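First the structure, then my questions, so here it is.
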Amino acid sequence: MFAHNKRLQYTVRVSESNPGLANLMLEQFGGPQGELAAACRYFTQAIGEDDPGRKDMLFDIATEELSHLEVIGNIVVMLNKGAKGRLAEGVEEEGEIYRSITGAGNDSHLTQVLYGGGPPLTNSGGVPWSAAYIDTIGEPTADLRSNIAAEARAKIIYERLINLTTDPGVKEALGFLMTREVAHQKSFEKALYSITPNFPPGKLPGRPEFSSVYYDMSQGGPEVNGPWNSGPDWNVVSDREQQVAVGGGDGHASVNVTPDEDTTLAQMAARTASDPSKDPTTGAELGMGASPQAGSKPH
Amino acid sequence: MFAHNKRLQYTVRVSESNPGLANLMLEQFGGPQGELAAACRYFTQAIGEDDPGRKDMLFDIATEELSHLEVIGNIVVMLNKGAKGRLAEGVEEEGEIYRSITGAGNDSHLTQVLYGGGPPLTNSGGVPWSAAYIDTIGEPTADLRSNIAAEARAKIIYERLINLTTDPGVKEALGFLMTREVAHQKSFEKALYSITPNFPPGKLPGRPEFSSVYYDMSQGGPEVNGPWNSGPDWNVVSDREQQVAVGGGDGHASVNVTPDEDTTLAQMAARTASDPSKDPTTGAELGMGASPQAGSKPH
Amino acid sequence: MFAHNKRLQYTVRVSESNPGLANLMLEQFGGPQGELAAACRYFTQAIGEDDPGRKDMLFDIATEELSHLEVIGNIVVMLNKGAKGRLAEGVEEEGEIYRSITGAGNDSHLTQVLYGGGPPLTNSGGVPWSAAYIDTIGEPTADLRSNIAAEARAKIIYERLINLTTDPGVKEALGFLMTREVAHQKSFEKALYSITPNFPPGKLPGRPEFSSVYYDMSQGGPEVNGPWNSGPDWNVVSDREQQVAVGGGDGHASVNVTPDEDTTLAQMAARTASDPSKDPTTGAELGMGASPQAGSKPH
Amino acid sequence: MFAHNKRLQYTVRVSESNPGLANLMLEQFGGPQGELAAACRYFTQAIGEDDPGRKDMLFDIATEELSHLEVIGNIVVMLNKGAKGRLAEGVEEEGEIYRSITGAGNDSHLTQVLYGGGPPLTNSGGVPWSAAYIDTIGEPTADLRSNIAAEARAKIIYERLINLTTDPGVKEALGFLMTREVAHQKSFEKALYSITPNFPPGKLPGRPEFSSVYYDMSQGGPEVNGPWNSGPDWNVVSDREQQVAVGGGDGHASVNVTPDEDTTLAQMAARTASDPSKDPTTGAELGMGASPQAGSKPH
Amino acid sequence: MFAHNKRLQYTVRVSESNPGLANLMLEQFGGPQGELAAACRYFTQAIGEDDPGRKDMLFDIATEELSHLEVIGNIVVMLNKGAKGRLAEGVEEEGEIYRSITGAGNDSHLTQVLYGGGPPLTNSGGVPWSAAYIDTIGEPTADLRSNIAAEARAKIIYERLINLTTDPGVKEALGFLMTREVAHQKSFEKALYSITPNFPPGKLPGRPEFSSVYYDMSQGGPEVNGPWNSGPDWNVVSDREQQVAVGGGDGHASVNVTPDEDTTLAQMAARTASDPSKDPTTGAELGMGASPQAGSKPH
Amino acid sequence: MFAHNKRLQYTVRVSESNPGLANLMLEQFGGPQGELAAACRYFTQAIGEDDPGRKDMLFDIATEELSHLEVIGNIVVMLNKGAKGRLAEGVEEEGEIYRSITGAGNDSHLTQVLYGGGPPLTNSGGVPWSAAYIDTIGEPTADLRSNIAAEARAKIIYERLINLTTDPGVKEALGFLMTREVAHQKSFEKALYSITPNFPPGKLPGRPEFSSVYYDMSQGGPEVNGPWNSGPDWNVVSDREQQVAVGGGDGHASVNVTPDEDTTLAQMAARTASDPSKDPTTGAELGMGASPQAGSKPH
């Protein structure tokens, strides 16, 4: 069960209204790498998890991410504060509101006109948050790697937001939030490596004849090799002919069909067959003004 | 530039038509963890990458994933082959087609009615593929971690598909595809650790006072600690009061507003103020058939 | 800030595994009328709200909805428990897993294959949750009405789920959750009617000549009038001619364009003009095998 | 059946081209609170409705909303008129078109480049309209409340658009459209309260022990009570311990599993168990350049 | 302006309830090729169109498609009629409702549980309708081709639905709707070819050196040529080397950057450089239980 | 199988960084009419196609579209090159980065903050690419028409991008890409007309009594007739009464329900009946401050 404390995990002190900056901050509120995504990711994993240690950790971090969502949401609300009343009360001179809405830049017009200055669960481009952002699949050796990557991405987005902000209070709060992503990544790393073995993920082993092959599929320029495709563990296949039908066979797809299925397929094939021996007049030729008299002609 | 070879990277031999199984296979064709997601992920990273070694690797793997997309697509097409002509040619007895479409199970009806038995870029639930599945952000120390996680997830989904298939040709091809995800994960791991340092990701260091703190946010039951929150590196904060306003201050959000902004906000507040001292009759009370005569009454 | 208690707000006792029922329960986990939608709706309103009483109420209810999300999520997880290990460990006989996955019905195959038996933030059809479900616009006289309606909808979906469940523990927990929606609706009703006046919502008055008109736009059958279009307050307009251009003018749209704009528009009009005086041969006629010789002929 | 009259329900007179303003108007064309949403909402309810009076009303209002969609669409088209030919005919001086497209602000570039100046069914941020905006569930005591709320929201968005427009013809037409939302809300209110009782919505009564409880979930600051949580009808529960497991039991979730299920779950648990007694070296430590020699060490 | 007639364009006579069939019919109600898509497509084109003849035609057909949407919606409602009351009133014996909901097949459970038996604007897989289905771009020589194709697709989906239905009343109404798509396609064909020339679409001519080249990009198997790549108009390029950098140059992408930009790019490159000369220990190796002592070693 | 050549199909030479222009170019990278849509469209058709000639053609063109995706992606990357390092390295003076991000216009802020200057699979408004853009249905007489239309649309979007660009290298590359759409349209036209007959698409003939009727549904203004509704082939129906129930019957929808179903429907009707004879006090009246004492009153 959740409980709420009216105080924030981190005090938010914003210098002045700035709807354009507020819009960029939405990236960490309702954006793909933002705090709602983080909270939902860990919360749903926690519910589904059976391992007691991981379950506890996932609830700890999910709850903290919810608290971060509240912090970044308050930053958005404070940055929009000055603009909020303007459109609602309609008190300014002719054209002033339109200029202020259009001039703040980015997609801040959407926050004002559609959301009334409140914090919408969209990214900075106005795209509504989607659970399609969450890549949990219910297997810890995969999900923990997904969590590690998610924390790395969130850390970077905070870093970019810090770089483009000059408001010291905003910078400070963002610095706290960014640092917590680093701490969470460390916890998820520990949890992953506490499962042994954890690679390859899951249970089924790979087919050994394909697990150390590197197919050199991009050619025609200088090749810069590295440990990802060279050294004793790798078998590099560059010959184009050896990249095809690598398990044998003719490289084509086949299926056994029943005689009834075969009959129907033949009917469909006949009905939709293209006759490659004719050169038919087409709509494009009609459209060019080409003489359609030629009709269907052999070539 | 891409070139295409008419033969597949892996020969596909399907025993018999099975539209229900075809529908489940879509998970790796147009699903969130599928091959289109993989190909798009690495291809767009390759274009944006400046490091010559990583760029080459990303093009190599992107091109192979496109080739895998072709393999899994051919499995779908073969499994649907027998059903394909039936609806198009409409030759069966009354009601037979409806029964076969409904009886195959899963969401295979969608593949038949909307997509004509072809391979749609949807998951096994019929949800169209979305670029929202791709989490690339243009920073290699984050993107490589995302790639590692993506390969781990794809490996698991293949493992599940293998477990529920009995067709030996399908099992074999899926085994090849699953193994390649293991190989790709190994390459991305090597590429990540070839960047030193790569943790924390990005450039800005964290704030040291918050980078080794573990906030114990979920309480009220047995705590199972592990290396993710115990040991010399961690400072665990369990006291609820110390989890609030951790950087000092009153735990509230504030902003400086101009006098004009203040006036408008006051107007809006007055217009929308709720009066907590009255107990108004509500629509719900009207709806219950409660006497509305009471009107607005103090309490 | 949020805190988490390891115990649920309501104890969940499920009789036996039932993945098909689990799938239907997702409607209240990640569906449009479900608990995530409720929690996000009230939480974002709470952050943006300035009125102290409403802000407190919104945080109270948002936090409870998060706790309900946890309860319904646990119901999903318990109902999937038996199926969870089967696909992950792959231990059953040939074909058994496929039959169990396909036979559970609904879209439960998606929960198993893509989500590993965990609780995904999708509805019962597999559609990922979207913030497009949230209709908050930042004006309390509108948002409170939206909340009232949202609670009414959630109550009904719980009622339907109760009607189709026979598991007594599930029925009991759903009954608790359903009842809480009723209580929340009552609170939102009180909060709405504590704002006076609250109708029309917002600040601008309507244009009086149009605010009590009822346009009878659907005709040609028996008319059943009611208080929504009859009585002294309503002015019913049934004459089709009086439904057009109701504010005067010619009923057409116009704009003043500059001479330069006019020139360009004329160019575009000339380039794309259709000549209604000719009867051109078309692609459809070619496609029917009609003789194209006729070419463009006047009629 | 529908019929169309070439004249609009309200004459549209626009002073001059303004693509930036056109873009904001899209909010009521293809936005979540716009006229397409309204028309689709009432039209689908009308088809599904069996009550003759409500059915007629829903068709009346759906048809009017379609006519409003036409009015707002014409406003968009007129505001874009001057810009429409420019890009299509490409007649201006070098760089002029780019400047005009970029300079209009908002997301008007999308309307020009992708939609050729026509009226797209998107909101002002370019997000395509989605039926996910429609919350109809087929129960009139819920749907009518949803309609009331939808009209309130639409009224507010029109109010905001009026406040930011200075074009008198646009202001006048928007005033008409806004007023009609007020009239429609009145009709839906009458229709709701014509059903007795209509609260609680639906058929099942709530569990009385939970229907008048108010859980005070947000604490730690000044509490402002109001009629939504105080007075004789409410039982306020503030004690944290009494907010947990409110129906009794241990606050945990349980399910009975079969012995076979239990065996498989144990297998999965063993395979994915995390060992909390070790402190493993992690990828993050490798990434920091920390010495990996320490390996897996007890602590 | 629109007007509504209470009678349908085509009388709907359904033999008996069939929720599974109802679900499939949704494909033409809220599916990508369905009637809402058609109506929205032509209606928005009509508003934006300046050519008087085409504008009139587009309004004629848009209005008819709205009337078709009403017909297909009524088919859905009639097929769901019997099931509608069951879940709402909850009167059946224990477990009966669950069996009927699950047993109807397809995704009909969604129509019942979420939409109460009403006609939702989704496809037969439950995916909400999206304006992303509409491909109008505001240029008649493209839009008319899009309309021709859309009518062809809709015709086929109706054909498939007819093939799987045995209810004579449903078959008859679908036959009417299917035929009207044929008629509409004929009108759009005539409208397209009334614009001369209409190919290539738009205004800019192509670059002649590339407009009749056919790049043979797929090789390695039997080539079946046809009029799409052979005959006097086509210049087929099969030599792989001549398919690259076809306009000359080195086949690489370049841009001029300022010295400041160059400095920053160099910084970023240095920070994220991968060192291909080392073979670093990776997380995967740790995960396999491989000895991490080796550390970073040259190879 | 696919292979990759490190050189592009067309050399890209960009004069200088321009993030605003880069953002507009995304329309052809991840937009609905862009190259990913084209590649996915033809690739999935190719896999599902059985006709050897069409299959080969579809693979040829799909592969070329992938190569075009690479070209336009490189244009985006080059235009963003100068901005890429700035945010990542954070080296500029206070506030400079915010100004440059906000000032570039359009939605380029999203490319920078969320995607780090890489090429995201979104359109120019930031909306992620969706497979909902692809309208393939698995019937060649429909799909080829869809392809023809898709090429026409893509040609036009390139034309618009050319018109707003002044960079000669970008203009040249766009000219190549635009021309190839023309060539592809020609191929698809030839392929369509090689199937005889191809109209009406599919197999079922239309009902002759409805296939040449034109319903004049939009009236009340000047009618401009053209070959789409006049001439010997057309039967125009303008009489409103003859547009209704065109196949006979009463124009209403009906279904046979079982006695049990009837009973339940009657129960639901009674529970939700609206009483048109009363004028109930409503929530709106309460909200206006109207006296609620009046209660429910007859009128």
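Residue numbering begins at 1 within each chain, and the chains themselves are lettered A, B, C, D, E and F in the order written.
One rule holds in what follows: contacts are C-beta pairs under 8 Å (C-beta built on N, C-alpha and C of every residue); 3 or more make two chains touch, one makes a residue touch a chain.
Computed from a prediction, not measured in an experiment: that's the story for all the values here.
Each of A-F and D-E has its own count of C-beta contacts, and the greater count is at D-E.
Chain centres here are Cα averages; for chain B and chain F they lie 23 Å apart.
Chain F has its Cα centroid 22 Å from the Cα centroid of chain C. Annotation: 7 Å between the Cα-based centres of chain C and chain D.
Residues of chain E in contact with two or more other chains: 1-9, 32-33, 53-54, 56, 59-60, 63, 67, 74, 77, 84, 88-90, 107, 114, 116, 122, 125-128, 130, 132, 137, 139, 141, 148, 156-157, 159, 162-163, 185-186, 190-194, 196, 199, 202-204, 217-218, 220, 224-227, 240, 243-244, 251, 265, 268, 271, 274-276, 278-286. Chain contact topology: the protein chains form a complete graph, every chain touching every other one.
Against chain A, the residues of chain F that register as touching in their complex are 1-7, 50-51, 53-54, 87-88, 90, 94-95, 97-98, 101-103, 107, 109-110, 112-114, 116, 122, 125-128, 139-141, 148, 185-186, 189-196, 203. Across the complex, chain E meets chain B through its residues 20-21, 24, 27, 31-33, 105-107, 123-127, 156-157, 159-166, 217-221, 240, 243-244, 251, 265, 268-269, 271-276, 278-285, 296. Of all residues in chain D, those touching chain B in their complex are 141, 192-193, 196-199, 220, 224-227, 230-232, 244, 274-276, 278-280, 283-289, 299. Note for the complex: chain A touches chain B at residues 5-17, 32-33, 52-54, 56-57, 59-61, 63-64, 67, 74-75, 77-79, 81-86, 88-89, 91, 130, 132-133, 135, 137, 139, 141-142, 145-146, 148-150, 152-153, 155-157, 159, 162, 172-173, 175-176, 178-180, 182-183, 185-188, 190-191, 194, 199-204, 206-207, 210-218, 221-229, 233, 240, 243-258, 261, 264-265, 267-268, 271.
Remark: chain F residues 1-9, 30, 36, 40, 43-45, 47-48, 56, 59-60, 62-63, 66-67, 69-70, 73-74, 77, 84, 88-90, 114-122, 128-132, 134, 136-139, 202-204, 280-283, 286, 291-293, 295 touch chain B in the complex.
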